[in-house]
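The structure is given below, and queries will be raised subsequently.
Chain nomenclature is as follows: A, B, C and D, assigned in order of appearance, with residue numbering initiated at 1 for each chain independently.
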Amino acid sequence: MQESNLVKLAAAAFVAAALSAPALAADTIKIGVAGPHTGDLAPYGLPSKDAAEMVVADVNAKGGINGKKVELMIADDQCKPEIATNVATKLVSEGVNLVLGHVCSGATKAALGIYKGAKIITISPSATNPPLTKSGEYPNFYRTIAPDDDQAMLAASFATDKLNAKKVAILHDKGDYGKGFADFAKEAIEKGGKAKVVMYEGIQPGAMDYSAVIQKLRKEGADVLIFGGYHPEASKLLSLMNKRKINVPFIGPDGIKGDGFLKIAGKDAEGVYATGPMDVSKYPLNAKAREEYKAKYGKEPGTFFDQAYAAMLAALNAVKVAGSTDYEALGKALKSSQVETTVGKIKFDAKGDAEGVGFAVYQVKNGAFAEVK
Amino acid sequence: MSHLKRSLGIGLWFMFLTLPLMVVRVNTVSREVEWRWSNLVWVGICAFAIAWFWQFSIERRAAQRAKVAAEPHPEKDRPSLAQRLADDPVLSRRVLLAAALIALIFPWAVSTTQNFYHVNVMVSALIFVVLGLGLNITVGLAGLLDLGYIAFFAVGAYTYALLAKGFGLGFWMCLPLGGVMGMLFGVVLGFPILRLRGDYLAIVTLGFGSITKIVLENWDTVFGGAAGIAGIPRPDFFGLPLDGREKSIYTYYIVLALVAVTIFVTNRLKNSRVGRAWMALREDEIACVAMGVDMARTKLSAYALGAFWAGLAGVIFAAHNNFINPDSFTFMDSAMVLAMVVLGGMGSILGVIIASLALKLLPEYLRAFAEYRMLVFGAVMVLMMIFRPQGLINNMRRKYEYDTADVESNDGGK
Amino acid sequence: MAASSTRGGKKLLEVSGLTMDFGGLRAVDNVGLDIHAGEIVALIGPNGAGKTTFFNCVTGIYTPTTGDVRIHTADGATRRINGMKPNRITGLGMARTFQNIRLFPAMTVLENVMIGRHCRTGTTILDAILGTSRSAREERESIDTSYQLLKKVGLADVADEYSRNLSYGAQRRLEIARALATEPFLLLLDEPAAGMNPQETHELDELITRIRDEENVAILLIEHDMKLVMNISDHICVMEYGKEIAQGTPKEIKENPKVIEAYLGEEAHA
Amino acid sequence: MDFQYLFELLCGGVVKGSIYALIALGYTMVYGIIQLINFAHGEIYMIGAFVAFIVAGVLTLTGYSGLGILPLAALIAVIYAAAYGYTLEKIAYRPLRNAPRLSPLISAIGASIFLMNYVQLVQTPDFLPFPELVPDFEFLGDLTQFMSSVDVVILAVTTVTMIALTVLIKYTRIGKAMRATQQDMVMARLVGVNVDRVISATFIIGSVLAAIGGVLIASRTGQINSAIGFMAGIKAFTAAVLGGIGNIPGAVLGGLVLGVAETFGAGYISSAYEDVFAFGLLVLILILRPAGLLGKAVKQKV
């Protein structure tokens, strides 16, 4: 073969490849699923992945949406911001149309800038950090979970109105999530004027001992403790409190409302209050999805499964209504079209928060969370 | 035969050792005990095989040692690849040129306007190359163990984030500022620990690293707390608008240039009065001082210079990621950078570069093994120390040129 | 005190009433010693007599509990150097070797000597990075001076070798070359002949006298090899249990009954 | 001034400090003999807690119950921790005995990372509920506001362990050999001490103490996971350095000082800065006394 032929051939192949790439992309609707799939936070990310896979299998079995199959692009961000930006770049460069994720607020924040630049809509099942929607900085961001300030306000009003607390102690784990919750709760209580915040402190996650903080709690005479953080620290605090015979009602965020907390805290969990997404088991779609999950995986679905399932349904509905994956059209569809999901009938408000989802207060009774009416 | 017996014994020992952890798993929710006996068999077989191989390696190593001890000048007999490269200026220049060319073309070759993932990955890796080379000055050359090096990286990153967001300062303005801030911190932290010896230094630097992270986490009015700082501007290119890919490639070139400068500077220093003093300090502090080297100054300069590079790298890190929070600056990150220096070969520039790239790129592309990544990482650190303590590439000392004849005539004339 | 009055030359080092305590232990007790230009002075005594501690006090590694260490520099000034940092003392013109060899093993022989040039050069980090003319000049000068010193101690042919690969005797000579590179007016040698065979000791004997004569350096040495000491010393100080028990010329020391009893007694007849 | 509060904090600090001291002893003994910072010591503590968790779990779930669980679980945990400590030394440190100082330290960091991830892989990265092994002591009554029953057990066990350790080091053969090796390894070998065995014994004793600490603290906090060893190790090491590393009473004093300082810092200022108090105190003390509280400023032999 002559050299010029070789060059021509190569050029032809290149052109063909270049042309075929966008053509291929148009064939499917590409949805990125980003979250922690390995590492210690994987339990928060894997249920979302499972939910997305279930919804997509379902939709594709029925012939896809607008005649196109849905394709998932799974990407692991380990909840680390620097990995999340890489993951986002990767998804964007591979031509993703829509992203389900990310799971952690920090990683979401890091990745959102990239999606925003590429005009890609992102729906998170779990990133509850309020400014994500309320700052207006990320018009491409939506979520199927209520933001932290909602539940913090609920926790605060529950403490002052239902438990009639006069002196409230607030602790947090210094993390983005826990501290955010604690800050909003503090603000709500101070604004409400019904009680005083007598103690507001961060604790070191992973520390061996919190007895100093607990002694302080007693000294300040707090009659309610609001804690912002996750279940390991919550159960450690409770265990120490019970050993020291300090019986102060404990209110935590949805980070402790799960089996993980019940498992670790054991009998210390009894009587603990936690705010959490409203009970969604009454929705028929939810029951169905959970049944399917149990049939498929042989266990109960994990954290954020419902929200992720709902986000997927909302996203696909929007694609259907908009008739394309165009950014503007999708955004409009998400904000206008009501859709039946696992968390109820929802649509999104102007800032990207789902209307119709909210929080309720639960209490541990006989080893299970029960809604406090 | 005795090998076989010992290996068998070791196999059994490890079966005993791993019995509770690898076989039993207690599920506290379903209140069941899971027995995984097959694991035990695997452990036995693997431990047996490894023990066999281990004894063989240790024996070989001992034999090598004996050989080295018997021959007074072993280095002369076995010049390493790196040494041969360094000794051959034509070849080394060619290799260098080729490497530079590849590095320059790389971002255009692997990216399209849509897909520039590889470029971003490489930028992250090169940032760690700079970090590795910076710590190489402190640990590799001057022998000052620093387990909190990542704090200086954080100082650089937050300097840029705060100055850019708060005062609208540009990237190029902040780059040197970040370095200088890192250096200032290096000096401030360096002072109290001048008197401390190696092991004390380890825990105190580790403490400094933790303190830095805690302060960043807690002082949220300034540093944004755990939520971090988002929306940090990317480097500006004479005010021209760049698309995503161009931005990435631009950042790539910036960090590549920084790597080049770091190599140049380290190389110059290594073979200078200052570099020799660092190495002498590392080898023997008392002899070094007795030979007229000012310990405080030498230590501080090594500390400050190492911190300077970390500060620079931090600025680029913040600019590249647009977002920083304290989670990027943990002890594990410090340990990672230290591992780059040690595994690469203390003091060896090429070794540190190779180790940094390997440690950052392999996990990125071997996501499938992510679970085992840290396990392997830990094991490699131990094994490297046992079988190749000098690191991938031995730090070669330069041979100085001296004109024997000339000196002789001087001598004669005296 | 039996200090000899016949010693010539300018006084270089003047130690008086030097005492060093470690906790309750008095390692050096009120020792005085002068060294004059061009002299070779030996400090002898049984093991544990406090000789190395005396060295360490004089060279700044330890700060003496009481007493004075003074040096008379070339410009005629007198400086008290107690508690001064070792590197400054070296800078003022006193350099030492170590009893248990302390070289820089992972550096080449030449580089070991070049470290000695550190305090006589001033290239800064910036100079080194930018490659200024000062840096180039000093580097050239360092290499040449160091090489010359290596020739003097007979190590020129192994200049590029790692110092850890040298033989014992060669390492001792390298330490001397390294100390000489700091341009001292007084060289302190701590047991330079330890571990050497008779042939090597003999060569060392010549080397020390040659250094004194050619480099115009006074020498203070600690040594157990009595033959070497008696051969080359102009003045000897004897220590026992931290105390100075005698001083004088080799002849005086040999005849001193206290010394014979305490120290030479056994060895001289052995 | 609220004296009750002060006293409560003091009690908390002492309990915490005695745990630090237990773990710190392992660091300081190893350091005293081979001048190595055994970074993996915290992982031994974690492994001790894990083994106890597994044994207790198996026993409870197979229907065995009663007071016997605590001693049995603790005993097996101690045996396993000792085995791990022994093996760790053989693999990761013994081949490096004559290597440059930095090598064993890096090896130790590597071993620490390895062990942490090993447990995470073969068990779980999740937090696990650690059974309450210590029953509530009725006789404590109102005193529980100062000290819970676990705290009392911790203090008692720590005190007994330390007395036992002192006796062991002062009066037994191996203890004497250890002291000899600590003074001068070469000399000890010359007079017939089997130095290798002494070093192994040191690792075993240190690991035993760490495992006891692990079981106690796990039953106090009620949870374990594979990462607990790291922070405990760092703190205990800080305590060892604070007291003067290589010095056994120093480790105990260092642990107590650190525990009390942290608790007071957290109680009177803010718990958010607890670790800053710990490390700040360390830096401060090292500036004032570079060899630690009880460490002797050993003049380097020149």
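Criterion: contacts are C-beta pairs under 8 Å (C-beta built on N, C-alpha and C of every residue); 3 or more make two chains touch, one makes a residue touch a chain.
Since we're looking at a predicted model, the values are computed, not measured.
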Query - Central chain of the complex, centres being mean CA coordinates - result: B
**Report entry** Most widely separated chain from chain D, with each centre as the mean of CA atoms
**Finding:** C
Report task. With chain centres taken as the means of their Cα atoms, state the distance from chain C to chain D in Å. Result -> 47
Requested in this report: Averaged over CA atoms, how far is the centre of chain A from the centre of chain D? Could you give it in whole Å?
Outcome: 39
Report summary line: Expressed in whole Å, how far the mean CA point of chain B lies from that of chain D is 30
Requested in this report: Give me the residues of chain B that touch two or more other chains.
Outcome: 28, 214, 217-218, 286, 371
Query - Contacts with 2+ other chains: residues of chain D - result: 128-129, 272, 275, 302
Query raised in the report: Where does chain C touch two or more other chains at once, residue-wise?
Result: 61, 98, 102
Query raised in the report: In their shared complex, at which residues does chain A touch chain D?
Result: 39-40, 42-43, 174, 201-204, 206-213, 215-216, 218-219, 231-232, 235-236, 239-240, 243-246, 260, 263-266, 268
Report summary line: Residue positions on chain C within touch of chain B in the complex are 59, 61, 85-87, 90-91, 95-96, 98, 102-108, 110-111, 114-121, 123-125, 127-129, 131, 135, 138-139, 142-144, 147-148, 151, 156, 159-162, 165-167, 178-179, 181-182
Query raised in the report: Mind pulling up the chain D residues that touch chain A in the complex?
Result: 2, 5, 8-9, 12-13, 15-16, 19, 120, 125-129, 144-145, 148-151, 217, 220-223, 225, 227-228, 231-232, 235, 262-264, 266-267, 270-272, 274-275
Report summary line: Contacts from chain B onto chain A in the complex sit at residues 28-29, 112, 114-117, 120-121, 124, 214, 217-218, 220, 225-228, 230-231, 244, 248, 317, 321-325, 327-328, 364, 367, 370-371
**Report entry** Complex contact set, residues of chain B against chain D
**Finding:** 13, 16-18, 20-22, 24-26, 28, 31-33, 39, 58, 139, 143, 145, 192-193, 195-196, 198-200, 202-204, 206-208, 210-211, 214-215, 217-218, 286, 331, 335, 338-339, 342, 346, 371-372, 374-375, 377-382, 384-386, 389
